[in-house]
Amino acid sequence: MPAPWRLFIEWINSGEGCFREIKKIVRAGATEHQDYMVAVLEGLGKSLIINGKLQSSLADEAWYHEALVHPTLLSHPCPRRVLIIGGGEGATLREVLRHECVEEAVMVDIDKELVDIAIRELSEWHQGSFMDKRARLIFMDGRKYLEEKEASYDAIILDLIDPEGPATLLYTLEFYRLVKRSLQRGGVMVTQATSPVLTPQIFRTIRNTLLKVFRNVVPYITYVRGYNGLWGFIFASDTYSPLSLDSKELGERIRNRIKGSLSFYDAVTHAWMFSLPKPIRDMLDEDKETIATDEKPLTMPS
Amino acid sequence: MPAPWRLFIEWINSGEGCFREIKKIVRAGATEHQDYMVAVLEGLGKSLIINGKLQSSLADEAWYHEALVHPTLLSHPCPRRVLIIGGGEGATLREVLRHECVEEAVMVDIDKELVDIAIRELSEWHQGSFMDKRARLIFMDGRKYLEEKEASYDAIILDLIDPEGPATLLYTLEFYRLVKRSLQRGGVMVTQATSPVLTPQIFRTIRNTLLKVFRNVVPYITYVRGYNGLWGFIFASDTYSPLSLDSKELGERIRNRIKGSLSFYDAVTHAWMFSLPKPIRDMLDEDKETIATDEKPLTMPS
Amino acid sequence: MPAPWRLFIEWINSGEGCFREIKKIVRAGATEHQDYMVAVLEGLGKSLIINGKLQSSLADEAWYHEALVHPTLLSHPCPRRVLIIGGGEGATLREVLRHECVEEAVMVDIDKELVDIAIRELSEWHQGSFMDKRARLIFMDGRKYLEEKEASYDAIILDLIDPEGPATLLYTLEFYRLVKRSLQRGGVMVTQATSPVLTPQIFRTIRNTLLKVFRNVVPYITYVRGYNGLWGFIFASDTYSPLSLDSKELGERIRNRIKGSLSFYDAVTHAWMFSLPKPIRDMLDEDKETIATDEKPLTMPS
Amino acid sequence: MPAPWRLFIEWINSGEGCFREIKKIVRAGATEHQDYMVAVLEGLGKSLIINGKLQSSLADEAWYHEALVHPTLLSHPCPRRVLIIGGGEGATLREVLRHECVEEAVMVDIDKELVDIAIRELSEWHQGSFMDKRARLIFMDGRKYLEEKEASYDAIILDLIDPEGPATLLYTLEFYRLVKRSLQRGGVMVTQATSPVLTPQIFRTIRNTLLKVFRNVVPYITYVRGYNGLWGFIFASDTYSPLSLDSKELGERIRNRIKGSLSFYDAVTHAWMFSLPKPIRDMLDEDKETIATDEKPLTMPS
């Protein structure tokens, strides 16, 4: 029978979701921190799922990882030291290391066991980045890392799971202040920010919270098939902004600073990501006050 | 139990799809031509479903209808006579009638019974447009209409169901030649064109086929939650192009020519729709030859 | 595409359930008391669904209604006055009226609007029973009826929805005492009792509760495809028992007392229903104490 | 979110099926012959799935394996040599070896790799049976085995996957003739026979086909939650019949010949299995002619 007999379901809310046939299970289990499954999904190809939520798929991981990394690093004149929090698959690290300015890329992930699995099973994602001399891996809670370390970065990239459980504390006012403290003068940061259409209040609240901490806060979007909709990021900095790069300047920076050929990002894609459709702008304009704090963090709808 | 007990499923292919709880059935049945259901769906609100495929939802119909109509009508200096093929809900007609230039809007739909249902049950969509003095409804096959009538239009808008069954003949070379024959000099047309990410070959083949008939052929995209992904349109004309309007000119035309306030479309949204992400441009560049003809029409994957 | 696009889902628990394609919606809506849908389902045919739970299907309603009615009425020497609580479709009434002894059949259902819908839309179920001179319909809460009326019956048949919401009060010790008070000497009763395999504790607790009130309490089972498993009933009486009828006596009573031909019930089916498989007997033996009271009623797992 | 994110679906037909949450994947992969998954399913516990179809679950494997084995072995005065075809989990072997008469139990399964997996991962099923001195494992096609070997058995137990693909040839007239040739005088056989309610024509055709080969052919049923309905078997022999054992004789044979305590089977369960409900008897009576042959084998609906 051609009908699928094993499904992966991504719930959007309690009455809506998308399903994909699990065509092959590469590996499944649980680490100390989370459940994981590496599987081949219909429509998406090989995919990593954590705690029942799709993290990334071979078919379109570039729509997420290139969108996350390049606008932020290119908005900075020359980011030498970059910090990634999260990003277990190694694809964010891979994109960071393409930038010739980068001299050191520190990746802090809480789950050593999962990164070990990624090293073995997700080579299409990291493409050996973990072996790059400029890369340094640290296994600890990202927030704790910022609290304890004195290090200071040109760019900080928050490649996080959605704000649920302990991860909610990586989306609060207090956390963003820590991020700011860990940035050099002129530093830039970006965070994944859930979907502006599926969970608009979450997206907006992250924007609002960053507005309390940084001067330039720029929401932008991409599309990820495996996330079942438009997806959002928020850039923040006191100094720079991806909006101030005109198309010519941006093209030059891409050519001069990024090694290898990109499959998703270029100046036209940049225009697409930063020209938000009116309903999203209107939604963002509706409320600029609600923020997330340690005491009152975000909660995803369920 | 909070779990949904009635689901509407939109299949993307045989192993992938999205589901939404059917919260209320407003009306369901079959006309001579097709099965229909008007229902309130989780996440989308009141929706029209035809032959098991979602046509439009209150929650985001503007992302589709405004995207379909305005770039094309605004690219023309002043469209007086407009033809809509399909568009049973009346929302495309509604957007067309906002344009002050329009003196006559002819809507040709094959299914009188369904339009009668729309008139009664979908007033949020048509908002009385069917009663506008400039509107004229004709119930017949759209292709037959073009074959038989001598009329000539400034703009033709193809608001069609996906190319399946008899509708495949509204996506062929021969049909587009009929469309061209029915346009005035300087005429413009646009067609819905399925999803550039979910059914990229279909989207590309429609573009290719129009390239055989028109000089300016411009693919562009929006996002429709209920279609579970980015969605595509193709504009075509021998004379005009939405790409040649700069942001200032576009803003003026919107202000001067469109009555009422739009919820989706403006100059920034226009930039978003016409700045295609690189993977879509690359996909379009891969093949410019495959076309659809009456003898070898499109077939949707199943 | 042959894949189903509208599904009815019957959840067994929060991670298990069965789905059937909704092939046609005959009618759907809400009464003052409950949501309903009459629809044609794959595998089951025309079906009645209340509050998201399948009540009965043309394909196998006889496996439920004949199983509910005949063992109880035949265990009594000659039931003249019969009370049905619930049973909106009219099929329980239909089976009761087959018994030539029956002089009066009172059906008490809380939902007049739903019975009116049944009269119009479910004629395959009631087959005109509501028009039988011996039938009397009363629209009120079944428990209130027993509390207020002085009437006394030879048999009481509880054709109820599962113990959820207000219906839990039709499965308690206090309610069964009311039932007993409303029975003539020698009276018999039966209740639907959920599934002995899917919700064994519920089934057992109903049995236990009846054991506190009646001398002879006999659990028995059938199978209902639309309920996705074996289904249970509990017979109770101080005087009679379906177990004391031997096969010959039972055959004679069927022949002599029931008009028309049955599609499910006969002496062999009776043996099947009353010979419980060992795991069900073992489960019933594990606990004879837990009972349901008004203060501590049953709760279905969710 | 409590909603299930990984589902196993057992399709009954193209518009009907049941789903269970995959709570844990113990092991999944493919042998030379088939795909397999050992997983913990909601409602069923640890389960073996082959080619997308549930084979057996800890929660109720006794309802299948005890039902398959004991009526047949007990109908024979003393089965010394028993052949099992299929039965990879080892649970059928386990039940056969309980019988003290049995001196040799030969199990022929086509898939050595799967049996090796069963030995490691399904010890709750086989409980070490593969190590019993009386057991002999042979890895080859069951039909080929019967064609080539001269051996002769007192009982043959066909513990097969449903008649799909190559397995259809284990349900034909020609195959049953081979089975008969391989039985001693007085030999007995039994086959699993799909569901009498979900695929009644398949069940009936297996019965009909056996009627062409054996004098006593006895259909009987059990219920398997994981198969989503009543399930059927057909016993066949020229000499004996489980119907000729009265309850007392049966009880004695169970006590005298079966070691250990059974969780499903006893004399009352036997009565339940062999008292077919009327609709199944009526269905069986409707057609006694259609049979399955090598040329025209069974086909499961899809």
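Observations
To keep things simple, chains are lettered A, B, C and D as they appear, and every chain counts its residues starting from 1.
The rule is simple: a contact is a pair of C-beta atoms (placed from the backbone, for glycine too) under 8 Å apart; a residue touches a chain by one contact, two chains touch by 3 or more.
In this text the structure is predicted, and so the values were computed from the model without any measurement.
The fewest steps needed to get from chain B to chain D, moving only between touching chains, is 2. Among the other chains, the CA centroid farthest from that of chain C is the one of A. Averaged Cα coordinates give chain C a centre that lies 34 Å from the centre of chain D. Taking each chain's centre as the average of its CA atoms, chain B and chain C sit 52 Å apart. Residues of chain A found to touch two or more other chains are 3-4, 14, 17, 19. Chain contact topology: the protein chains form a single closed ring, every chain touching exactly two others. Those residues of chain D that touch chain A in the shared complex are 1, 3-11, 14, 17, 19, 22, 25, 28-29, 37, 49, 52-53, 302. Those residues of chain D that touch chain C in the shared complex are 2-4, 12-21, 23, 42-43, 60, 62-63, 197-198, 222-223, 225, 228-230, 262-266, 268-269, 271-272, 275-279, 281-282.
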